[in-house]
């Protein structure tokens, strides 16, 4: 099993604020991230694909197909945007980086596999770097991967 | 002459949009950066101080004094903020990174020197890294530095 | 399961020298790291927490609580210190980065969970970057995690 | 179980072209990477070793022994080379970074353990960073590790 | 005067070998970089533009115009290429990174200014990062800048 | 005029403490950096050389000669050392990074030019990165460069 990871970058704004909580609770939970009008980040997004080596090409997956998928499903929606406005992505959830990881995994997973040539390649992990100090990762549990593999 | 550079980080949102221009002109000049609601960045800020070596301490400037100045004048205003709302910083200017460089230089310059122990140390340069690909720098012209030194 | 990783930095000195070995053996095992008076590093410390997504906050853990814990248990002891002098941390062990990983994991683990709001979040991994070329990681074995989870 | 990772760098050229395919198929699979005369990269190579802590030294493995092994088996062959010419490494395979990962794992594995003092330390993972955006990893499956451990 | 710097990346191969020298002289001057078939790098290219702030836009230059110019004049020629084959760029010179800096400066300078909106903006500096350890810069001398400014 | 910059790394310990001051003054000036036993850093050292392009080689300077000079004059003395003990380098000065910059410039300058093939190449700048946040630079004044050039 080999892992291929591809790095993308996008810039977006967000505000961490849950309307179901009071202003005081929001301030306690989210601190300055609850400031009105929001703030922003240069997000670094890493998509990891796991699969066997295809002997004909010496590749695990097709980078051009991955780029197209990430461009269409993720970057066109989120780059240069205010995340709180992207309701089709967050479905009324607070756009924390944890929810961002899950949302991106689900957006890509719904269109997977994007390339028929590498049928055994799986979407393995989504990693979001929010700042130089905070990283978030979501990996699908191993048993779900194998169930899907049937 | 020695140079000391100190790096700071802050996260903010901005929207590049000039109300004096039409929506079409804004789109042509600023591209996706004119999107409504704004987007954001993790700004990397580098402040360079130039000065002679103080023989008693072996230092060019006092980092703790610089940290306090930058914290009070810059980070408390801009970190986790929506830059377009910071009118006392931008004075109705569009918060491009060029204007951000100049605004930060002026904020620090107005309080300079922050530490009387190093009277010859000058604020030399402000550098703002907006994304992994774009950097902006402002250096005060040499003759103004010398005029101030009188 | 989501993973949140937070990066910290500290600067410290150490000397790799085991008093139970001869000077020749120390030189053979530790090379120049056995030099008298020690040398130092800018350590990069990454703490990974694993847990489910808390639906109310969209978070895996509370970063402010993690910061306080790491500040109090790790950074106040080790930053700007000579590691060989920190006997309550190393318990007479040689302060290699392997022992540093384990010591930091144990310091944090003894106070875990630091925040009652996220009872299922676990301390997952400690990673220490000693130089630009050497990284060390300690992960608690999976079975111990599940035993603790009962 | 602790993990030690050591980073190396080398510069090489390669051309992605499979003689068993037509020129059109090569262009479709490899894009501009199939350009005649090849192109090149600064490869970042990370070798991870997993093992228990040796109580006498506080170490997982001997970095000097690892450096010698990687220098002799990998860097002397590949640094400043044209990978397609290194037939003893690639055995007529296309020098994709996936094949490079596997080839380096096999080169090191054939000489493992390079140091008798740490008999339980295993070669755990080879990671190749091809560009600032593409990373590749190979880990030996868990069961093979334990089979070897007998 | 403000400086805007934009970072680009490309991957290419080169061989340092001067046909006017003997093989022994080439080996002495260029070391392993003279190996037959060449080797390669991930080049990081930084283009710095200097100019006054345009008050209408708050910008020094138009990044989209700079991107188009660099794409057309530099990246389309050099990315995924074997530099020694690019005779229209190197004019039979050895493709060292010093010559690469100069060649890129000249390619861009010949088409400057690429955008009529910022007539005072000057091409200030070309910086090429060849590896993680080697950087090269070319700046046009100050008097030539001012002569052009007439 | 072209600039070539070469990056080196070394690890060392230091303590910022001036015996001519009281303990209280040392604490006020140097903060935690005055802690007994010292602490340490992974220093990143960049040496910049300025010169014309040598047409025969396409080079500004000989990297192998620079590496030998830096290895012998700087790294053998300072790597894995306690800087306060290196009296032939610091001449009883406090080993701040400012003094370190100057000391390294002087060590290299005393042996310059290290390579007769590039007689016009000058030692231009020494830059020391002490931590991820602090950088120090020393450049010889322009008039001294020209005086030497006679």
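We call the chains A, B, C, D, E and F, going by the order they appear; numbering starts again at 1 in every chain.
Rule of thumb we're sticking to: contacts are C-beta pairs under 8 Å (C-beta built on N, C-alpha and C of every residue); 3 or more make two chains touch, one makes a residue touch a chain.
Only a predicted model underlies this, so the values are computations on that prediction, with no experimental measurement involved.
Chemist: Between chain A and chain E, which partner chains are common?
Modeler: B, D
Chemist: If you match contact pairs by residue number, which of C-D, D-E or C-F shares over half of them with B-F?
Modeler: C-D
Chemist: So chain C and chain F: same face meeting same face, with over half the numbers shared, or different?
Modeler: same
Chemist: Centroid of chain B to centroid of chain E, CA atoms only: how many Å?
Modeler: Those two chain centres are 28 Å apart.
Chemist: Between chain D and chain F, what is the separation of their C-alpha centroids in Å?
Modeler: One centre to the other, that is 35 Å.
Chemist: If you average the CA atoms of chain A and of chain B, how many Å lie between those two points?
Modeler: Here the centre of chain B sits 32 Å away from the centre of chain A.
Chemist: Could you pull out the residues of chain B that touch at least 2 other chains?
Modeler: 132
Chemist: Touching pairs of chains, which are they?
Modeler: Touching chain pairs, listed by label, come out as A-B, A-C, A-D, B-E, B-F, C-D, C-F, D-E, E-F.
Chemist: Along chain D, where are the residues that touch chain C in the complex?
Modeler: Going through chain D, the ones touching chain C are 1-8, 53, 56-60, 62-64.
Chemist: Provide the residue numbers of chain E that touch chain D in the complex, in ascending order.
Modeler: The touching residues are 9, 11-14, 32-33, 35-42, 79-82, 84-85, 131-132.
Chemist: Provide the residue numbers of chain E that touch chain F in the complex, in ascending order.
Modeler: 16, 18, 20-21, 29-31, 93-96, 98-99, 101-102, 132-139, 141
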